[in-house]
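All chains are identified by letter, namely A, B, C and D, in their written order; residue positions are counted from 1 within each chain.
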Amino acid sequence: MTGEWQAERDWPLLTQGLAGRLRQDCMKQWLDFVGHPFVEGVASGTMEVEAFRNFLIQDYLYLIQYARACALLVHKSDTLTAMRHAAQLLSGILDTELSMHVGYCRQWGIEEPALEQAEESIELLAYSRFILDRAQTGDMLDLLVTLAPCLIGYAEVGARLHASPRTVREGNPYWSWIALYGGDEYTALVEDGVCRLNEVGAAYGAQARYPTLLREFTTAVRLETVFWTTARSG
Amino acid sequence: MTGEWQAERDWPLLTQGLAGRLRQDCMKQWLDFVGHPFVEGVASGTMEVEAFRNFLIQDYLYLIQYARACALLVHKSDTLTAMRHAAQLLSGILDTELSMHVGYCRQWGIEEPALEQAEESIELLAYSRFILDRAQTGDMLDLLVTLAPCLIGYAEVGARLHASPRTVREGNPYWSWIALYGGDEYTALVEDGVCRLNEVGAAYGAQARYPTLLREFTTAVRLETVFWTTARSG
Amino acid sequence: MTGEWQAERDWPLLTQGLAGRLRQDCMKQWLDFVGHPFVEGVASGTMEVEAFRNFLIQDYLYLIQYARACALLVHKSDTLTAMRHAAQLLSGILDTELSMHVGYCRQWGIEEPALEQAEESIELLAYSRFILDRAQTGDMLDLLVTLAPCLIGYAEVGARLHASPRTVREGNPYWSWIALYGGDEYTALVEDGVCRLNEVGAAYGAQARYPTLLREFTTAVRLETVFWTTARSG
Amino acid sequence: MTGEWQAERDWPLLTQGLAGRLRQDCMKQWLDFVGHPFVEGVASGTMEVEAFRNFLIQDYLYLIQYARACALLVHKSDTLTAMRHAAQLLSGILDTELSMHVGYCRQWGIEEPALEQAEESIELLAYSRFILDRAQTGDMLDLLVTLAPCLIGYAEVGARLHASPRTVREGNPYWSWIALYGGDEYTALVEDGVCRLNEVGAAYGAQARYPTLLREFTTAVRLETVFWTTARSG
């Protein structure tokens, strides 16, 4: 459709470098992820509130496991600069993002004790522990590659919904979520992450290791897709 | 029902020691696991063949991840005796069990290439990577506790179905599976494993660590339960 | 000798709780550590400057490995509170302590590039990689126990030299080092660490695991002792 | 000297592939390793028996840590073939090599309890824990590269001493040691290992990662060199 947002044209960064190549080479799974009914329900504002609440709770639990992956990133870094970079990601999650998420959840009627007592869903366990296993089994590049779908996928979803004339803005309870992932701050974070992945990819032999990297990226995409449905099972 | 098999009476081992206490303290989740419709479908012989085939494929993939957990058990052992014991479990899987499983699958019309090319299900990823994460995060006791539901649960299911007058024997395509887990060889393996868990529990402070151990045991039981349903999603 | 500082009397904290018990139960090795000729050379101000410089360089490299151990502490923490606590230790090293150490080294004529290009000594490799291996093999308690000799040993050395009438103050080039480890800020850090170790010890079964904990504590003490001599081989 | 054994000419395998390139690029450190006074003392038969005994004890303790590294190799393998290969190395050490080593030690008057109660030397701790840390931090290639100096270095020493007209044969108490590492069985093991390293190197991007690999190889060579001197400090 003319006028519709297109990743390839409207945000070329998504198609460049190692992340861009990986995204391109599992396009079928990628489209299942970024075009998931969950995403459409957010865009139209028609998703059930209860499902979104369940998603937010699991997303909180995901952030904790993501922080653990960042801790392994510090451990696996081989320069002080890389260690400091990873430690800032880690502090960013523990000191800032989790508090913001708690505040956002409160707006949806979810109090902090409910977050703390929630049980991890199967979808969350599969996704987060897959990442942590790759982190332990492989090196820093394996870890960054399995984290990449989350980083760039949410950015693509955010940018597309933010720009799309079809997205409902007025009265859409999910607009703040769209604004977050389509906003400048998250965009800057993603651009930084994509650059970092390219640097690490070059130094750690991404070219020769590509088949393995594509396999782990594709599995992470598949698990991200399933994670959208955690809303139903949460 | 009079005459029915009862774990507590018919195989007291299941109720003794650390494993017995853990099983008792999450009895609700435990009964969901050992009394799952999958188990009933096996007992009556009415389970769909296709579902059982999917289960067998995922079980093959599970064995591979289980072997990786055994490798971590070798790494975490602090005596030569413990290392050798864990290495024998590892060799047992890689050299014997996997081949037996391949042979068994062939009887069900699943050839080895199909096993090798199969994709890990969400249920398998959740369960196996949870175990591997606990293995890396905790010590040998955490690892053995998360492996315990698989060990004793299959034994309990096997023993019960093997003994139950309600189990269909004649013409039940799943009788060989029941005979395997209800048989003397698997029973001996379980008795050995339960003893080992008690020894390790005593030396590694299971008493004081019980709340954490119960939490990880219960999660593993929940993931085992979900793993039965991998048959449908495989 | 009357009037001399005595750990047991002058800082009872060193003799209390899990850390105190461990220290007491390897007293022979402990005295070799805290009463090492390096310590006496610092107290009298007679240590060769070149040896102290070598020590400072290896201590810089040690901090980097210590930060990696803190990253594993974040990964192994099982509550958000514990994760945040460990992440603050980590940031403290990467953002503050390393910079302070670089500044201190500059006062001794060691420029930052010299620190960055220095080769890890055998003593440093043995000590730091032993800690990291225990961190990976065991759980959070094993990690904290192997880190404890560093924490409380430097505090004991600092407190004793700071208080001792035999320590040379005027013109002693090492007085600033003594003032650092005998000062209030480091003292507070140690008191916090000792409390934390007791809490974790209780929750993780230190009582039952004591023989193993003592063995790893004693090895760490031995490696700390050898680390003083890195000054000569650096 | 004419007629002397030369690695480059007499065993071209040592100069080929990834291992050969790494060996070549740290030739200074390599010569310190393979031409160490310990090696000369073995060749001439003049090394003190007590020093050799200490070496044998530490070598026993090294085998145990080496087995733990092989366990991590199983865990990090991404195919069943690779897992089985690594598990065979592991079983080989635990079931065969350790027993042979115990038998060999007995010939030198060292009984098994003495082996079991021996304390790990600083040199052993530095070397073995460095390998285990690289194993956890990096991927399978990092692990194989840090294990390579041991594999090919002992082969080179064995082959050279075995062939050299200068090596004392008659009445040399160390001839059996030379015969072991210069013998066909160990040679075959090394040839297999060198091939495996090349395969893994190709699949895991050794070309792009070469600077890091060379750094870890060189550190391992340095630690092997120091390990010869464990004989004195044991």
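Operating definition for what follows: contacts are C-beta pairs under 8 Å (C-beta built on N, C-alpha and C of every residue); 3 or more make two chains touch, one makes a residue touch a chain.
Not measured: the values here are computed from a predicted model.
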Joint neighbours (subunit B and subunit C) are A, D
Relative to subunit C, the most remote chain by C-alpha centroid is chain B
Given over half shared residue numbers means same and under half means different, the subunit B/subunit D interface is same
Subunit A to subunit D, mean C-alpha position gap in Å, rounds to 44
Taking each chain's mean CA coordinate, subunit B and subunit D are separated, in whole Å, by 39
Subunit A to subunit B, mean C-alpha position gap in Å, rounds to 33
Multi-partner residues in subunit C (2 or more other chains touched) are 75, 136
Subunit B contacts subunit A in the complex at 120, 122-123, 125-126, 129-130, 132-133, 136, 219, 223, 226
The residues of subunit D that touch subunit B in their complex are 64, 67-68, 71-72, 74-75, 80, 83-84, 87, 90-91, 94-95, 98, 116
The residues of subunit D that touch subunit A in their complex are 75-76, 78, 136-139, 142, 202-209, 212
